[in-house]
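Chain nomenclature is as follows: A, B, C and D, assigned in order of appearance, with residue numbering initiated at 1 for each chain independently.
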Amino acid sequence: MILKAPDFNSAQLAAAPDASFAPAPADGVLPDKFFSTTNLPTWVKVDGQWRMPAEPRMDSAIVRERDGGLWTREGRKVKRGDSVAVGSAEDGSHGIYVHPMDYDDAGDETEFKFMTSEVSREKPIDYSLMAQILIEERARGGYPVWVTGPALVHSRARADMVWFIENGFVGALLAGNAVAVHDIEASIYGTTLGMTQAGVASSGGHGLHMRAINQVRNAGSISAAVKAGIVTNGIMHALVTDDVPFVLTGSIRDDGPLPEVITDTIASQDAMRRHTVRATMAILVATALHAIATGNMLPAFVTEEDGSLRELATICVDSSEFVVSKLKDRGTHQAFGVVTNAQDFMHILRLYVEREITARATTSK
Amino acid sequence: MILKAPDFNSAQLAAAPDASFAPAPADGVLPDKFFSTTNLPTWVKVDGQWRMPAEPRMDSAIVRERDGGLWTREGRKVKRGDSVAVGSAEDGSHGIYVHPMDYDDAGDETEFKFMTSEVSREKPIDYSLMAQILIEERARGGYPVWVTGPALVHSRARADMVWFIENGFVGALLAGNAVAVHDIEASIYGTTLGMTQAGVASSGGHGLHMRAINQVRNAGSISAAVKAGIVTNGIMHALVTDDVPFVLTGSIRDDGPLPEVITDTIASQDAMRRHTVRATMAILVATALHAIATGNMLPAFVTEEDGSLRELATICVDSSEFVVSKLKDRGTHQAFGVVTNAQDFMHILRLYVEREITARATTSK
Amino acid sequence: MILKAPDFNSAQLAAAPDASFAPAPADGVLPDKFFSTTNLPTWVKVDGQWRMPAEPRMDSAIVRERDGGLWTREGRKVKRGDSVAVGSAEDGSHGIYVHPMDYDDAGDETEFKFMTSEVSREKPIDYSLMAQILIEERARGGYPVWVTGPALVHSRARADMVWFIENGFVGALLAGNAVAVHDIEASIYGTTLGMTQAGVASSGGHGLHMRAINQVRNAGSISAAVKAGIVTNGIMHALVTDDVPFVLTGSIRDDGPLPEVITDTIASQDAMRRHTVRATMAILVATALHAIATGNMLPAFVTEEDGSLRELATICVDSSEFVVSKLKDRGTHQAFGVVTNAQDFMHILRLYVEREITARATTSK
Amino acid sequence: MILKAPDFNSAQLAAAPDASFAPAPADGVLPDKFFSTTNLPTWVKVDGQWRMPAEPRMDSAIVRERDGGLWTREGRKVKRGDSVAVGSAEDGSHGIYVHPMDYDDAGDETEFKFMTSEVSREKPIDYSLMAQILIEERARGGYPVWVTGPALVHSRARADMVWFIENGFVGALLAGNAVAVHDIEASIYGTTLGMTQAGVASSGGHGLHMRAINQVRNAGSISAAVKAGIVTNGIMHALVTDDVPFVLTGSIRDDGPLPEVITDTIASQDAMRRHTVRATMAILVATALHAIATGNMLPAFVTEEDGSLRELATICVDSSEFVVSKLKDRGTHQAFGVVTNAQDFMHILRLYVEREITARATTSK
């Protein structure tokens, strides 16, 4: 790809002053306001001429040698007294011009920056902001839709999910058969897929989820199993007890399935959509299938009563960047990605919500 | 691969009783103690004959039809009154024999289980156990070596790392130039690689880590920069202030580098090993290079003063299973893998350590 | 975890000879048969005494100093003439004993090895073996079941999949709505989800898969759309034309769906199982949902006509180790994991199959 | 985030015509040119009024009911004769206006699209284009710099890498100690880290890489070991034999190291940069450390002899999106990401280069 050459006759560049230089105060130390290079084509105005320093690279300084030569040089190689370009403007206005190579959709130049990726495990997670959004949704009677995968149960974030249900933060839960199966296996047998809470595969454990399913089928429904005292704790127990609506949708991976599971996928989508049309927020945790299915039917915005619009806050939590990226690639651009373990996410989010509630209670006194 | 046929003339199998059957109590509901199938070759003893049920699959029941036919059938298809095999023994002792296909190193048969993988994001993380180990190490004067990558700083687990340093849980810190650079950039400019604490790439931010390095080089050393009040908080500040030893080892990715960085990799390894020979525990967070380097030189065990040996607790935290698996593939078999985000790990670990300290203080009164 | 001490009074260890030593031929060079250390507790018999070398680590040598001291030392630090332990036996039989710390299920000791993980992108992929299995399956009239995700179509392995269908390597294809939708979008519009074959998102492209679905719904079925000349190439076209059975199962993510899609997940499972009970091989490419669903209903073995059993070759291809690991964690232990891109897998597998066919044709002349 | 309301008084929207509608030809079938919805706020002009259809979601149709109500509805629910909005323009010019919610750096609106992520395993890999670039670089005497990690050797892409070296496609190879160690272990012992070519961990294999290193140290250098017939094939053998420059840089993970390894990381960077300043192309395969180090010192452009500039083609191959994303986050924005297995990449790239050479030879006759 051939790059467009800069127009040095443009008013802006033609009128630019010469670049400024300052001496290095010591070997391997640059003057305070040194210009820090990028990997883009760069010109420096010296004696009214735009010149390109040799050996370009990023994270370095520009040195003018006694013979007039301009070099891109690592700070550690600069000697005391070397003449080093100073300034931070990259648009030529102070005699240094960095030529953009990337252009956005509209054809405008983009600035050289680090850390511009949309989703990365290297980015901070703002639990405080998420906690505030959840509390505000609850305060204004919003309808946060939670969509979760079985890792939430495998990894014992069950207790935290129960807390969110019991404290009014869950408008509806959309999930699959497996979430309910593992949750009920945990309630009856203390294991998930036969794995103990310490993460150890137990002998004979491979049949326990089938026994859990069979008990619920025998009871007739999850609600009945809760009422009969077969299921005494966990997510499904909390949903039934607190009368929070849930939709369990079927998939080809399902064992059983449990009685409440809607096995027809079209009927499942209709059942999910009855909640997504009311959603004022979405929290998608550790599921690709259900997250993308929900994203497909979720508007990117909420219409307020006065007709004004706001973005529908959509949080997508997964162990890898891939699920969030896939969700965006299928049009759910408003999704905010959190790359972490589901158990840890639930634990810290709850902690921040609890703290924020306490802080607000204190403040309001 | 041809499978060895079972020896039905063996004493154990020859003497086995017929399998037991019980009627299904309702359509789609199995009798209480139904045998839950695996995907392995399975024989059922009926009228003294070992027979293989048709259409084998896992997570199903074995049904004997009126014509004597034996079928593997999903529970949902079983009709009230169908004759279903019951029992859980898989060794033939109750008339059902499951033939192993996998053999361990020693040639012994292995049992069919779920969740046998060594490292998985689907396994629970036992923070309580890790907190106890850390507190016990501190109590007995152990030497926990922490090895960290820059994600710890990028993602603002800085404050938590400082807490562990200040509270005596860190014997030594082994890291690279980047950890110190980002930490110092955060102290001076409030950013890491120009990214704000909210995760936004800032304009002109790409040069900030270079300016941070330059300030420390100008001061002469990290210690000097701390003493001069240039670096006023963070990990390096805590290490210097609390006199906890650290080793910063060089890599080809380094900008600068900072003055304390050992640029020769052989000298670096020697400096690291002066700490690994003393290590009584290792915590490896968000780094492949440094974790594997440390694993290479770390014994898998600790020799107690009385000469007895115990496993050297080694915790490896990463966003993906791959780093832990790679560490094990290079011989650090004792590593316990935690698949999560570094920021979240630090936050919850600290929380559990604080709780455990409080609990012990209360108990000991 | 306290380790069991070795029993030096056991017949084997008591009778062991002293270890052998040889001089280093030059600085930093070890004698030919040097003993290469592990990170496990290690004892060396010197003058009839079992002694533990100081500063244990892996990948090093054991040096006996003039004062009798035994040290674990990196080869680069050894000086010419230093006395270095030689041998490779680790069971004490030549005077060096490495104490195992890991035990398998049966309680037997395991040997120290590198690269023992079950699935890793760092392991070679044996395309030659897979090609042979496929050709042999075809030769004996086997029934290879292919299970694929939409990445196969996104990434233009379509042509390769068509080749396998047309050349008799596909017994049945099990997939979801999305595979057929993208494949048909590619046939009609030349895009997948609006992305061109060069991987560029096209303007207005977000609606093309919906238009493709609408055309097929209008035609009444995929078969009808093929016969009407609406769908003129690709996977679905080949399946219909070559009369290879396929099952399209529904999910909550489905747009449309296409007419042949079985929307009830229980009916879907039944339809899939009609093929898995006949399967003599399984190839699972780039799908978690369908791979695990198939794994759930697939026996781990094939029963030959003479009643003998062999392992059912199961190949699982995915971009990450996670899917294979998850499949095994749900009991499909026989799965052989291939960590690669679906497009590249299909391309190379076809190449190897073509080569093998040519080679056999030549040989058989 | 409150969204800016559209300005319906703007010339463009005020002048827009009413939207067009057409009847659905059958139940569940939409009219040919149906408007396919997005998840963004959408208004439809009916009787001169801009109105928002109820229950917005993507991938659906807009239906006007007899009572005048406007609904967003899945195609499968539409009944024969229903009045469905048609058109594809989203800017209001045909009576349907989709309100953007995302804005690029310059503040311009962005269009709703699928598949806009920068790097994804779901995107096609254009081997043909890469092959052409390599052949053109060779033709014009370019200087392609290859940077590789040890997975290239582990996974037996060795033969393909040798082919590229022997056929003049490699200007220089930048790598670490491990690449050379595994390559030489493979030449001498037929294993890598003790793993056989079939991917099996061999007994006693853990010491083989140390024995390989020791033999080269004994010979004095890799070149000497090649000349002495100790190393008889592979990457290092090809580089030495064909006189292609290589730089082996040290890291704290290194065993040995081999004699040519530059252990000082600053000297290593200088040695690498002597090649990057000449680079006209970069191919980074299966290495995070070396890829990012090279990216740091590589200009994003090449200056032609006539002073014009072109982008420096930079290909980054890794098993996961993360490394490419990290490389870009550190400023190497020009990197083109290929998400696949290193072995497969090398194999197919070579195949395409061979084909292209043959095609050009034929054409030029």
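Everything below uses one rule, namely that a residue touches a chain if its C-beta (ideal position, glycine included) is under 8 Å from a C-beta of that chain, and two chains touch if they have at least 3 such contacts.
None of the values given here were measured: they were computed from a predicted structure.
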Farthest chain relative to subunit B (centres taken as mean CA coordinates): D
Gap in Å, rounded to a whole number, between the CA centres of subunit D and subunit A: 21
Distance from subunit D to subunit B - Cα centre to Cα centre, in angstrom: 30
Distance between the centres, which are taken as Cα means, of subunit B and subunit A, whole angstrom: 23
Contacts with 2+ other chains: residues of subunit A: 38, 58-59, 76, 111-112, 114-116, 121-122, 193, 206, 255, 257, 266, 269, 296, 320, 322, 329-331
Chain contact topology (line, ring, star, complete or other): complete
Subunit C residues within the subunit D interface of the complex: 25-26, 28-30, 34-36, 38, 58-59, 75-76, 88, 111-116, 121-126, 150-151, 154-156, 193-195, 197-199, 201-207, 209-211, 213-214, 217-218, 255-257, 319-320, 339-341, 343-345, 347-348, 351
Subunit B residues touching subunit C - in the complex, by the definition given at the top: 1-3, 5, 38-41, 52, 55-59, 74, 76, 99, 101-102, 104-106, 108, 110-112, 114-118, 120-122, 266, 269, 273, 276-277, 296-301, 303, 308-311, 320-322, 325-326, 328-334
Subunit C to subunit A touching residues, read off their complex: 193, 206, 249-255, 257, 263-266, 268-269, 272, 288-290, 292-293, 296, 320, 322, 329-331
